[in-house]
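A short write-up of the structure that comes next.
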Amino acid sequence: MHTGRHFLQIPGPTNVPDRVLRAIDMPTIDHRGPEFGRLGLEVIEGCKAVFRTGNPVIIYPSSGTGAWEAAILNTLSPGDRVLVAETGHFATLWGRMAAKLKLEVETIPGDWRHGADPGEIGARLAEDRGHVIKAVMVVHNETSTGVTSRIPDIRRAIDAARHPALFLVDTISSLGSIDYRHDEWGVDVTVGGSQKGLMLPPGLGFNAVSDKALAAARGNSSRRSYWDWHEIIAANADGYWPYTPATNLLYGLRESLAMLQEEGMDSVFARHDRHAAATRAAIRAWELEILCVDPYAYSSALTAVVMPEGHDADRYREVVLNKFDMSLGTGLAKLKGCVFRIGHLGHFNDLMLMGTLAGVEMGFALAGVPYRKGGVGAAMAVLEHTVPPGKHHMKDEDAA
Amino acid sequence: MHTGRHFLQIPGPTNVPDRVLRAIDMPTIDHRGPEFGRLGLEVIEGCKAVFRTGNPVIIYPSSGTGAWEAAILNTLSPGDRVLVAETGHFATLWGRMAAKLKLEVETIPGDWRHGADPGEIGARLAEDRGHVIKAVMVVHNETSTGVTSRIPDIRRAIDAARHPALFLVDTISSLGSIDYRHDEWGVDVTVGGSQKGLMLPPGLGFNAVSDKALAAARGNSSRRSYWDWHEIIAANADGYWPYTPATNLLYGLRESLAMLQEEGMDSVFARHDRHAAATRAAIRAWELEILCVDPYAYSSALTAVVMPEGHDADRYREVVLNKFDMSLGTGLAKLKGCVFRIGHLGHFNDLMLMGTLAGVEMGFALAGVPYRKGGVGAAMAVLEHTVPPGKHHMKDEDAA
Amino acid sequence: MHTGRHFLQIPGPTNVPDRVLRAIDMPTIDHRGPEFGRLGLEVIEGCKAVFRTGNPVIIYPSSGTGAWEAAILNTLSPGDRVLVAETGHFATLWGRMAAKLKLEVETIPGDWRHGADPGEIGARLAEDRGHVIKAVMVVHNETSTGVTSRIPDIRRAIDAARHPALFLVDTISSLGSIDYRHDEWGVDVTVGGSQKGLMLPPGLGFNAVSDKALAAARGNSSRRSYWDWHEIIAANADGYWPYTPATNLLYGLRESLAMLQEEGMDSVFARHDRHAAATRAAIRAWELEILCVDPYAYSSALTAVVMPEGHDADRYREVVLNKFDMSLGTGLAKLKGCVFRIGHLGHFNDLMLMGTLAGVEMGFALAGVPYRKGGVGAAMAVLEHTVPPGKHHMKDEDAA
Amino acid sequence: MHTGRHFLQIPGPTNVPDRVLRAIDMPTIDHRGPEFGRLGLEVIEGCKAVFRTGNPVIIYPSSGTGAWEAAILNTLSPGDRVLVAETGHFATLWGRMAAKLKLEVETIPGDWRHGADPGEIGARLAEDRGHVIKAVMVVHNETSTGVTSRIPDIRRAIDAARHPALFLVDTISSLGSIDYRHDEWGVDVTVGGSQKGLMLPPGLGFNAVSDKALAAARGNSSRRSYWDWHEIIAANADGYWPYTPATNLLYGLRESLAMLQEEGMDSVFARHDRHAAATRAAIRAWELEILCVDPYAYSSALTAVVMPEGHDADRYREVVLNKFDMSLGTGLAKLKGCVFRIGHLGHFNDLMLMGTLAGVEMGFALAGVPYRKGGVGAAMAVLEHTVPPGKHHMKDEDAA
């Protein structure tokens, strides 16, 4: 029997703010009425600010995998070749989906401990004189590994190869947590989901699209209906959808977009960076290994921790769940049992992080995992030395 | 400036019960944890009871149109011929989706005032000696017209023609409001949505499937991923999904399924029948025309009312919205301006219906629509004479 | 088993708006912290606007009866004589409380069908040359009868008698529903409660006080602590209380004050007047008797209906509750069984009123109460002819 | 700008569980209807189990100070002498209230670092041959100091002195956190409040009463009305109140009583003991002083920490609030600036405690308070070594 609040420290879904939950809890309205139209326009505009694009953002009632599929079906046709950078389990799954959707999938293998290599991508594209490759697919923040990829460098590599491939990027676990710029970085389709940095329950998927992606979609006769951008974009002009959208989740989206704006995106990113740094300090103090081996690729949204040889990560996670009511992320696919993942993204703060890390450290003791004491103390030292200056103000949420 | 509660009397989304909204308002949990598994199993089992099937029910994070697409993509391939009974706008849209998904769509025309004709369907299938037609697609309750179709009779017609076509039925606006039996009626894929009789916000789509449909899906190499049944059914065995499902809407689903069970499905259907009868009595007293011309096909979920010649239904609806804060359903497609629709489904009761009908009647006066007074009184007479016997008990909701 | 929304048509507690309930549902904060201070100042200021006073308003965690007691204990001492106008059950109860608190209570008898008579009060005070009477106690809106008293006229009568008695007025069921002006009308202590026109759950009591009342309190050594104004007023200067206040109800108060301000107090009062007029039209059409016999004293918050001879109001109310899930107000004290009361105050609108009146009318039929049909129609006619001009806008609540 | 959840670590109000907040968020019902009667009976019975009494428990819409006043006004009359054990600020305030209510207050002085001394109380009563002392007033858990008093020993001391004085005990901050037994310990009036171990927002006060207290009340002609037990007890027989009770807080009470029962009172107390022990371990590791100097009197609900000489506790608390969004308790009255208080009661768990203690420790660093590092580590060691055996199960709340 647990008491107090559950610590949901998987790398998504994240802890949903009370403001967002209460917004979702309001009565459903007519999805064809004037009030809905205002809501629709507001959330669509708000999404553009988060994706940093002036182009359309399409919002689906779907999981993130739905938004993956939408990116593919709108821009690519059966038989098209795509180049997937294997950064981890989710990149692999996205590639597997592409294959299931009858694309030719070419994978640049990875060790799941580094980000996508812009040089390798550029080299492969340069080889592809005939422009057989129609799209490059990269996961910005690999949720299975806690490794990020340098999207602007990959863009530069594509450009340097003078290759016309579309650039599709998954930001499901980075959006709203790690700096991302759809337009400036020249991405053609950015895929997002609601349940991570956007601080919503799962149930919404997103596609931000470039003009080039829209042109590709127009020319693409690939069979699709639900995911088809054009009808949605047309209806979105007035704030509506061509079907009944997930109204209550959109209420929540309006609220979470407002919260991000109130905090300021730069502050949001700095906060995630700081919590990630404190987490890594803890892991080093425990003398455990961070899965990501490239310091420039550390994720600010989550950190994957390598278990000492001979210790099962899932047994450890079970101890933490049973004894401390905290959910940690499992190791996925080939990492099963070998790593666990600490989510430190979304609606989060210093003391929630400290509770999290204390649970991780106490879990080691209880599960008999060898570690050096002191991780929590090391994280505290990082936080103490990096507290933002100025007076903090309590949020309306606290009093509303 | 409106005060009091909005009357959401479109034929869906419907008025969501407080119990359901509060359930949705609870913190999101780990979609891979043990508690989620229990939730998953519970809602899947509960859905089977509502669809009246012993076979799998697949729940998607999607709109109802997503569940339409899932029904098609799993069982049919490009070039397959389907027979669509044109009962109204939604049947037309479903057919149009089938065409967009590259099926050959053959439509049995309808006047949008009758249900699908089992005889015509049977005759067409009997002609199809080569079994070119792969599926028959029927909307059980046409949300655009308030007309139902006799699913068991259509099943019998298919059987009489000894035709192997799959039988796909849309129950988006009937499920949980009008008697429906997936297994007993021999339906192969039943399509449902969350935001009507299931009393949830929009955001979940459903497919109930027969063994024959599952076999068709296994043999169908048609490209699909998100909508693919097999991975979902496999993961569902333990109560999980192969992606992050819409956790909080599933909390709501658990609650709404419990509410339907508490009321008893027979009582639920009888309640809808009674409210529909009272609504029709009102319309007749107003000397207006019910769109549905077949008394055996009247919908118990909604009623479409034909506007007197020369009067625009949407202008009237706007008056009702502005003056009485009630949303009525618009006329769709060729019915635009000609009809409006009264939703009387979902979480609803006698006094909500009377408020609704009073708003409709007062709206006529304010909008200058010719009518005879007395509709409200006529509806009251029906309700008075059909009050269920026995003592009613207040719901837990009222006191919790 | 009831479905849909309960109709809570007692004259308070009233239907609490979702905005208010959701505000109350937010986490409790430190009642000594800076955020609380801001909340405290905001609700105290907002209350002044509703009571229309520039003087302090004291907010208690209490029922309305607590605020009654506070008015007495602060200004009067054991043995003091008070003059109570017997307008109905609540005036009687307030007088009885005064007696229990060891005041000498002198009652001006009433027939429970008229408001307090300014002439009688003035005459009694004029007789009281020795100024033995220390206070005049009047209920502005008698919740047990639906009869109002003319507060400004009573003030004039007191003044005309040149009598120094304090003027204590109960506005528990009028505040936020019927025009009331603490300062302008020269009231010394106004007593209020949260659960009527303020649209909150029960749990807060209010005292608005004049300078004269404050002076009386300073000079009054009567034993009291919880109800003592002075410590509270002192702490209120910074937005705090000398004990832990009912934080979450104060969140709700902030929201309900905002809603009243958004609608505008004049619109709020006009809305209540209009609904009361429609209700009376219904009662007359039913050929039933309104308890209040003075048209100038009709309450806009509730209407008490006299049952036909030989019919028990409570049996009728039970039928309405069981068959239509609507709570109507019981007849209190000597009116038990003889009247029932229809609350039409608070967060309310035309269609909720029509549902209410339809339930009342159908209840007559089911309970075998003799009535003429047509009350609902008569009310509709009133509403139709008095719809406010201009376009109404949907509230944020509907979409938030 | 804070993000994530506020840490409300004052010794009440405490963190209110989502289950309780959502229960409070349900629509208000008729306080005279049948459903309310069932609710009333249920919460009254549930309270008896928590107070461990077979006698009535009276629930007031009030703060805890209201329940203090009720205990006094029902059993004592002006001029009665009471003996108050000065354990800290709240004992002093309760005594001051008694004086304000015109009792003769005799105080047994205390140093605010020990509990009430049964020996001194017994000696004073033994001296009082004439039985002038009518009541002994003791605070079970001094919220201002984190010191408890041994209620059974005081009872024995009263009995040993063969003194008829009533025994009044304040359990506002112990009830639901620290073992307490109204009947077994022979207490006459137990005073409680909603916002501590009962895990509710503030707004409800409680009196549990013995037969002797009821007899005293019957014989007591002291003026009172709101607080008078008899009318309430009479109405409570059917689950009602003689006024409009705080309905929505009662919904919350039903839920919090259910949560306490689900966890089991023994587990609840053991949990609080364990968290208090861990907190003290942290304080000792920091080389700071615990205000309570008697290890047998340590509070399991809160711990007061003495600030090092020359450091202001409130400036420190402000740093913690501004930098870590955590509210700590201030030093009250003569302890102002000298101590701060850590609340570790109510809906709480190990990781919330660790977040709390980490915030306390980091706050020392940021505020320049001298301390030895390692308090957090010391607390972790305690928690690790005292984790309850057996598999914990996630609460319904986590998934509902």
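As written, the chain order gives the labels A, B, C and D, with residue 1 at the start of each chain.
FYI, a residue touches a chain if its C-beta (ideal position, glycine included) is under 8 Å from a C-beta of that chain, and two chains touch if they have at least 3 such contacts.
Only a predicted model underlies this, so the values are computations on that prediction, with no experimental measurement involved.
Q: Find the chain most remote from subunit B, comparing centres computed as mean CA coordinates.
A: D
Q: For C-D, find its twin among A-B, B-C or A-C: the pair where over half of the contact pairs carry the same residue numbers.
A: Having compared contact pairs by residue number, the answer is A-B.
Q: Would you say B-D or A-D is joined by more C-beta pairs in contact?
A: If we tally the contacting C-beta pairs, A-D comes out ahead.
Q: Could you tell me the distance, in whole angstrom, between the mean C-alpha positions of subunit A and subunit B?
A: The answer is 35 Å.
Q: Using mean C-alpha positions as chain centres, tell me how far subunit A is from subunit D in Å, no decimals.
A: 44
Q: Using Cα averages as centroids, what's the distance between subunit B and subunit D in whole Å?
A: Inter-chain centre distance comes to 53 Å.
Q: Two-or-more-chain contact residues of subunit B, please, as numbers and ranges.
A: 5-6, 15, 22, 25-27, 29, 33-34, 321, 394, 398
Q: Using the touch rule from the top, collect the residues of subunit D that touch subunit C in their complex.
A: 5-6, 8, 10, 12-16, 21-22, 24-34, 60-66, 69, 78, 97, 100-102, 193, 195, 201-203, 223-226, 228, 241-249, 321, 327, 330
Q: List the residues on subunit D that touch subunit A in their complex, please.
A: 1-7, 15, 25, 259, 262-264, 267-268, 271, 321-326, 347-356, 358-359, 361-362, 365-366, 373-374, 376-377, 380, 383-384, 387, 391-395, 398
Q: In the complex, go through subunit A and note every residue touching subunit C.
A: Counting only subunit A, the residues touching subunit C are 18, 22-23, 25-27, 29, 33-36, 38-39, 251, 254, 394, 397-400.
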